[in-house]
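Below you will find the structure I want to go over with you.
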């Protein structure tokens, strides 16, 4: 069961630029993280973009959707900035039928000692192997369907939406 | 959905004793790991023992089984040394009906910078929420049923058993 | 031989703000670093300010100088942003006679796994115990007198100034 | 001013053997540590042995002394297990005249996240550049002459010997 891993950037892959003293994107940390996790799962990694998710456009989301539709694999993990992860999930729910997609990310860059990224990646890679087709978000130890989750911007926590309509 | 976390020791929780220059067990790293993973899942942690799994006796395994049967939760994660993880899984398969149990561990102690523990814990905590009742092992990014896995002692890798009987 | 440790901020103490996705200052990491180094040296730590050294004013430098002059200790380590470390050293050279002062810093925040901070702190704390009175900079494994060093902004490296006047 | 770095093993360089679950020696971490410290000091590294210092023989110490005498450099840092570091220092004091030698080590292996090794290496590399000829030990933030220090085996701390003869 081959798994596709699409990289889009986000906190996950932020690096510290020691010349200018700011955060920036260079290469993805995914291969290094899979090595650290001693993962033996067959994955194909492809970087689609390297952006802060606040700067992601609708064209970017359509591009992600197209890659999900057109790739050979039926099980897909997407690393994504947390701020608009749920927005992208909604686009995929409409545009990627019949595949199991799991979006995940990190609150703290992998390059920091105290990142949550490895925990989330372990969760996402596991979820994508056992869940039925559909779009999901794996964050904070939880597995959410795309339409039952939102990020609380004040606390940084992904919460289950309680529909009180 | 409350989850029970049973700690039994294993490489996961090995510390470096700087006075005697050897590895030993002190306290579990589970709470610290869940904090690092920013986990928001409701878990109850209980340490049942702190042993190298090569030294685990049948009485130890029966004690683990009893705790699994008698605890209130139906979803249980067990951290366990890797060497006899599959043996304990076999005992639980016989003695713990109707619950979803996931065993996991680490090849490298959490106290080391390069541990696979956080990746495995993220996987185990996710698996236990979505799998049907039964005994499972989550290692190396894979989800195994208890009766289809063994640890390759030479490579340290958990492999799917190919039944060629 | 008591040593005074003055904290002024700089890359050393930058944290990652996981709500807003940017770097900021909270508390100093000095006590935690001395614990990690198993330091048994008697030090008094005082935070004078928490600023990026590019934003340090002349009034800030005079305040640092005054604290150096007025404290009881004759041996002083100052943690400082790297960009204007040499400028502050020049002010101290004029304003703090008869004391051994060592400025140090980091190119990578301590909160990152790959920081140079602990290496530099070990060097600075050693240098301040063995050097004669005067103002010094300890960076990149080197010990510089204040008037023979500059930071190369392009490479991020502290270099010896070759006077070819 | 070129500096010679001799590696002899010790806690510094212990690795975790994930197949057998024990500590062992593989390669030295010195080059990686100097990179992390962004050191720009010219050093020549040579591994003389890779042993636990409790297993170091008199022949081993004589070999270290010979290398110190015969190398081109007058400034030498030696990484060494902590248990018999002071014994080796005493041999060098007799056998290596006219050179500045600094012994250092670590209480926690570098491979652990919380090692004191980088702090000690920064101190040793600084000390060797500014000290007069003689044999010294740099540990716990202190700079000791070889004949005024001992390791307290109970606490793991290097202490100044108070001669009350």
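In order of appearance the chains are A, B, C and D, and numbering begins at 1 in each one.
Criterion: a residue touches a chain if its C-beta (ideal position, glycine included) is under 8 Å from a C-beta of that chain, and two chains touch if they have at least 3 such contacts.
What you see is a predicted model; the values in this text were computed from it and never measured.
When chain centres are defined as mean Cα coordinates, A lies farthest from chain D.
At the interface between chain B and chain D, two copies of one sequence, more than half of the residue numbers in use appear on both sides, so the contact is built from largely the same positions. Simply put, chain A must spin 180° to overlay its Cα atoms on chain C, rounded in steps of 5.
If each chain is reduced to the centroid of its CA atoms, chain B and chain D end up 39 Å from each other. Centre-to-centre spacing of chain A and chain D amounts to 45 Å, using the average Cα coordinate of each chain.
Touching of two or more other chains is recorded for residues 107, 113-114, 156 of chain A.
Those residues of chain C whose C-beta lies close enough to touch chain D in the complex are 33-34, 36-41, 107, 113-116, 118-127, 129-131, 138, 140-143, 156-158. Residues 11, 16, 18-19, 21-23, 52, 83, 107-109, 111-114, 153-156 of chain C are the ones touching chain A in the complex.
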